[in-house]
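Order of writing sets the chain letters: A, B, C, D, E, F, G and H. Residues in each chain are counted from 1.
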Amino acid sequence: MTNDQLKEKISEWVSGIEFPENKQYLEVLVPANSLKKLAELLHNTPETDFDYLISLSGVDYVSHLAVVYHLESTSHKHFLVMKVKTEDRENPNFDTVNEIWRTAEWYEREVFDMFGIKFNNHPDLRRLLMDDDWVGFPLRKDYKDEIKMIER
Amino acid sequence: MDFNIYDFTSFTKWVDNALNSSMSPLLAIIIELIIIGLVFLLFYAIVGLLLVYAERKVCAVIQNRYGPNRVGPFGIFQTIADLIKLLMKELINIKHADNFLFNLAPFIVIIASFMAIAALPFAKGLQAIDFNIGIFYLFAVSSLGVIGILLAGWSSNSKYSLIGAIRSGAQVISYELSVGLSLLAIVVFAGTMQLSGIIESQADGWWIIKGHFPALVAFVIFLIASTAETNRGPFDLAEAESELTAGFHTEYSGIKFAFFFLAEYMNMFIVASIAATMFLGGWMPFHIAGWDGMNAIMDYVPPIVWFFGKTIFVILMMMWFKWTFPRLRIDQLLNLEWKYLLPLNLMNIVLVAFIVLMGWYIK
Amino acid sequence: MGLNQLMFFFLSGLILVFSILTVTSRKILRAAVYLLTVLLATSGLYFLLNYEFMAAIQITLYAGGIVVLIIFSILLTSHISHKFERPALANVIAASLTGLAGSFISIWSIMKFPFNASTEPTLDVNMKEIGMQLMSTGHQGYALPFEVISILLLAALISAVIIAKKGN
Amino acid sequence: MKEVIQDIIIRNSDDYIINMGPQHPSTHGVLRLELSLQGEKVKYVVPHIGYIHRGIEKMCERDTYQQIIHLTDRFDYLSAHMNNEAVCLNVENALEVEVPERVKYIRTILDELNRLASHQLWWCAFGMDLGALTTFFYGLRDREVILDIFEESFGSRLLHSFNTPGGLMHDIHPNFQKRTKEFIKYFRKKLPEYDQLLSNNVIFQMRTKGIGYMSKEVAISYGVTGPSGRASGFSCDVRKNHPYSAYDKVDFKEILDTTGDTFTRYKLRIAEMWESMNIIEQLIDNIPEGDYTAKMKPIIKLPVGEYYQRVETSRGEMGVFIISDGNKFPVRVKFRTPNFANLFVLNKIGSGNKIADIVAISGSLDLVIPDIDR
Amino acid sequence: MNIFKYFGEIFGAIKSLWAGMRVTGYYFIHPGQIVTQKYPENRKTLKMTERFKGEVIMMHDENNQHACTGCGICELNCPNGSIEIITDKITNEAGKSIKIIDKHIYHLSMCTFCELCIKTCPSDAIGWGQEYEHAVFDRHKLTKVLNHPGSSLRKKPSKEPNQE
Amino acid sequence: MNSEYLVLFFLLGVVLVGGAIVFSMFVSPKSTNFAKSEPYECGIPVKSNAWIQFNVGYYLFAIIYLVFDVETVFIFPWGVVMRDMGMTAFIEILIFFFILVTGLLYAWKKGALKWV
Amino acid sequence: MGIKIKSMKNEDFLDNSTLETLKETGDNFFLTTIDDIVNWGRSNSVWPLTFATSCCGIEMMAAGASRHDFARFGIEVYRASPRQADVLVVAGTIVHKMVPILLRLYDQMADPKYVIAMGACAVSGGPFFYNSYSVLRGVDQVIPVDVYIPGCPPRPEALLYGVMQLQRKIKSKSITNPNEVEEK
Amino acid sequence: MIQDIPIQYFLIVSTIMFFVGICGFLIRHNLITILMSIELILNSVNINFLVFNKYLFPNQLQGNFFVLIVVAIAAAEASIAIALFINMYRMYNNIDVENISEMKY
């Protein structure tokens, strides 16, 4: 499917979708509450068939926190970037997609570890890379640690 | 062949007489024992050190490198440096471990190998004890070493060592059978269990030649099984580096660890010399019945050279195995023994018995 | 004192001390190791008696077989920190009284009994002789026991396999 | 509706747990595997990572684009060149810079050489995991030849930081072509030896065949890429699917297999080595003349936007996700590293096997731990 | 089990094992294949390639002069702060007060050999040294001052224009 | 006359190991710290104390081994006299082996030789 | 007075001054014959622990491989268990999560033990000195280090050179006065 | 017969060993220890067999063969016993005599 068809299809499925400008590829901004639904549809519908989650990254845009999903379909070879964001820095949370793409389990743990974004219904949400007793979320822009981090 | 210039019997007799004539019999025998003890102690240490050095060099050459070459000429003092270092290294005692057994384990391992050395025939007359059940005795004491390994693994209170010990227990006892049965093939051929008798029976040809096919099969099985029994080569599951870090001796440090290390090499020496004795004629020179000229020439090579030459040959084979093959998994290891070696061995023995019955071996 | 006596006292000393330790030790693996020492010393006695084949069998089967099996099962069933309870005092007293009385009576009767050592010529026990008698079918032949033992072992093997498999 | 693959680990407090790693010869670094044992059998594997998490992504936020390059060397240090290239390509695409043809050719050759070196190292480490100690020395012996070529051109053996946005640091050394060809000739002779020594060995085959089976669905769902994924039939070769550099100019096969066990993963890497040599041979004589770098400003500022670039490293698909706000420092750099996903599948394909199999399986996934932790 | 398959398996196994043993055996009897270089013995002849990155050095000519102007660009470009430039103010013959380099401090212990400093140096004052034997007992010995004591700025940089 | 040699070799082992360990105890440096006396487990503090969940395979092989060991012991005297006795011995061993192999086959069939 | 290392002159080594001060402060300027023998043994048989965390570990492996052949120095036997190892070659980055494990491994090694910090990361944090929140800046902050080998990664020859430096350091010690067991 | 050593010496040793075995049988609750006591008892019997053979009938081998048979039986007994013990352990997680009453077979 071409990007335009995809666009059509996606806006058919869920409301409140935005398509931000992007030079390289199609990008969708999903409202947090329909993330799970869209993900399931994208994965299960034969025409879209996004079965391969390439990467799942957390981003701190200072104004808001976001999670970016890079998706590809191994059969149709099309590519999609899905994004959710939240303004809530204290207690951000999204739905997990780890039942849809298994690889997401660790990616989500990593995002939780680095940004403090929680994922509902995640089977094993612990810190992944840092020690369990680590304080703070290192990849956030406002993370400071005078002792362990020498800044330049 | 009544006359042999390299017969050590007269020499030992002479020592015996000299001692007996000058003192009381009890004292004489004690002094004799002390002399023998010192000789063997020295022998044991030297063989152990040399073997460790040899293995390093052999594996180095196989792997396209030099191996130790900076300590002394060609690095021959390398193992001595290791020895000094290990002697001067701290002995760690583990909390919650059974210290008595922890310290006992190296004793058992070393004692088992010493007991075996007692019966090895190095040359004519150069044998501490010539049992009339010689080979059976060797078979018996070789089964003792595993107890040391089991104790070491259990008493270190570490998971790795326990798994290593249990593995090696299952492995060693299984392969024990194949070792015994493959030796039995030669016993059937020779009709005796006395080591000197077996060697004498090879005066006109080694059993591996005289016994042709079944002896060859027995030899191969013996090589495989004895490699496994000494926890070496592709069968080093008990100390599998990549799985159990150091296996049953994970917690041992310093000289205690060195003894496990040493025992491995001494056991290798022992099984190699058993193989040399049983299949390759021991100290008996290479003889072909009828070719008197060549036989006479062969006689001029001292038997001790023959013995060590053959032993070294077998040792090289074992090193070659070790540095070529990947390690087996525990279930495959036991499969190999119970489903392949043991049935083959039993068949082989029946074959040997049949051949002996029909007299189809080279006489 | 001759060398023979020296050896005998050394070996029997080992046997006595370690057999007592075997039953009194509260750590099970140590008990097994003490038992091993007893068995090895016994085989030393056999060597002293010049029954070399028996001695080697003692080492192979008892030390290398049964004790290994025992140690093996200990490895699988007990933890290193495990220690036996001290047995009840009454139990100990009763047992040791039995033992003492029994051994006293037996030793007394042994000392009493006039053993007259045989004057017959000693048979040179070599393997040939043992093998001949074991395999021969005639008078003083043990061929039948030889075969029967194989059946006994077959039975042992089958039952052990059945028992072990049943646990699964 | 597709089938949903689930393998949630249920931990039990009285499991017999044994730790493999962080210091363990077969975890190739500081991976820690928590194995729950039943006898020799492994009930489940819990990988613990982060023992070499160095915070590279955070560091990138304070570095210029040129400076990021030298950090990318250091996660998958065995495919340093591909990692560099990923960032460079991303920056070049964002700036819409056209790099000279010569650079593309050289990059492709270097990619493949690096892949060869990496696979050689994997081969010897894998052999060592299975107890064949000599493989370690043969593999490294042949690898040294490649490293010599590298050192002549880049001045360093392992981490070369040779790429820079817009091209290369230097031109290749005049000897480069000659020596590469010599190497190919040499290695074509040595590679069959690998087969004789290890691949055809019965013990090796017994140890690896039928162990650690991974189906295509599992591979896709877990995002297992690279040779490990391709062994399960997951056609994930970025070189083929989204050609970059000079890969569209060469003729090569994407090696695929569907068996998906440990032995297939092994065989596939050996086949990839042959294929890499083919690619190099096609390119090495045709390197066009030209500049070794495009004209770049000394301070690079990416236009505002989000950029994603994928390359194929020797372990799988590597992605670089850069978010720029127009400054000389990026806002966020995320590296999608292949090993991260490849390790996660270990429990799925490893549980139910024996300890020795876990070693074999994790060896066949060819893990580089800093690549996971970044 | 099929008895032929059983023996066939055994035979195949032995053949494959023998193939492996041939390889190792070949090397065992061909010690000429040894590739080891004897490092400390061949120190005299062991030359690194000309691009070898051993350490950053500052090139000095025979008059003990170098080309570093103390501009600090290398310090700026070094990703991990391995370079510190300490400048000094002097008055030159013309009476103008100019900035010259006092100490070009280089932390070998931190350098990652990324070559950015050398690439970006406008006056090509620094380059790669071939030294690779750096091991010391004291970490502070690894901090070096690159400009030799008493050295001065080369007057006229009379060399080809910069590559960059 | 052989037992003293055996005891001698036994003592040699004791002397070698004991001597070396005692010597080493005197000359080697000593230091203690908390972690040193803990068991080693790849650098992770040992936690679980559960006992190993062992496998039937481990001891089943030991048991079968014991049975076969006895048989081996019995065959050795046979091996010595095989040459001299000829046919009788051959037939006896065939019977013996037949029974033995039956046992092995039984264990094989029952899956006792399979590692679970 | 120099310490002899085969095939290399004393003057060719760096940092002789530290070695001299070390000897003087240890008030064992005169080494006895026994010291000589023991040090000969110890210095020629330093068995490393297989401990490699990242890139430098690969160069350590390369140093052990055929081309450079660690084994010539008697460093052949890589021990996987810290009980039997003599030298801990810290090859690679140490992050804060790893520190307790490193400490534990170091503690579990039997005396005498030595530490080589290989690579910029182990010496000072190297490429991750600034801006990284999780990297330990030099292992000498937690365990005593005997020899520092800079480089990123150091060439295998550099590692061999470092090993020779370590041998020199071992040879300058006396058993009657072993250098104090550093507490950390 | 052995020079210098009367037959009684051997018999005393074996007697003491026998009764030590009996004591162990009585005071221990652990089945494996009991098995070990039995081995002690059998062993003392074996000594007697051989000693009698050596001292009283030196030209025959009956004692030897009896020992052979005893050893074989001991091995068979030990293997089955241990199979039982381990099975018990798998069921009840310990191997004390008290549990025997609960055994089903």
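Basically, contacts are C-beta pairs under 8 Å (C-beta built on N, C-alpha and C of every residue); 3 or more make two chains touch, one makes a residue touch a chain.
Quick caveat, the model's predicted, so the values are computed rather than measured.
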Using the touch definition from the top, what's the fewest steps needed to get from chain D to chain G?
1
Kindly list the shared contact partners of chain D and chain F, in label order.
B, G
Quick one: chain F and chain G, Cα centre-to-centre, how many Å?
41
Could you state the distance in Å from the CA-based centre of chain A to that of chain D?
25
Cα centroid separation between chain C and chain H, in whole Å?
6
Among chain B residues, those touching two or more other chains are 29, 62-66, 69, 86-92, 96-97, 131, 136, 157, 159-160, 162-163, 166, 169, 173, 176, 192-193, 241, 245, 250-251, 254, 323-325, 330-331
For chain E, what residues touch not just one other chain but two or more?
17, 20, 23-24, 34-36, 38, 79, 81, 112-113
In chain D, residues with contacts to at least two other chains
16, 18, 22-25, 40, 50, 53, 55, 58, 62-63, 70-71, 134, 136-137, 141, 144, 159, 197-198, 201, 203
Got a list of which chains touch which?
A-D, A-G, B-C, B-D, B-E, B-F, B-G, C-F, C-H, D-E, D-F, D-G, E-G, F-G, F-H
Inside the complex, what are the residues of chain D that reach chain F?
14-24, 32, 37-41
Using the touch rule from the top, collect the residues of chain A that touch chain G in their complex.
130-131, 138, 143, 145, 148-152
What part of chain H is in contact with chain F in the complex they form?
68, 71-72, 75-76, 78-79, 82-83, 86
Which positions of chain B touch chain E when the two form their complex?
58, 61-66, 69, 320-321, 323-325, 340, 344
Where on chain G is chain E touching in the complex?
5-8, 12, 14-15, 18-19, 22, 66-69, 72, 120, 123-130, 138, 140, 145-152, 154-155, 157-158, 160-162, 164-165, 169
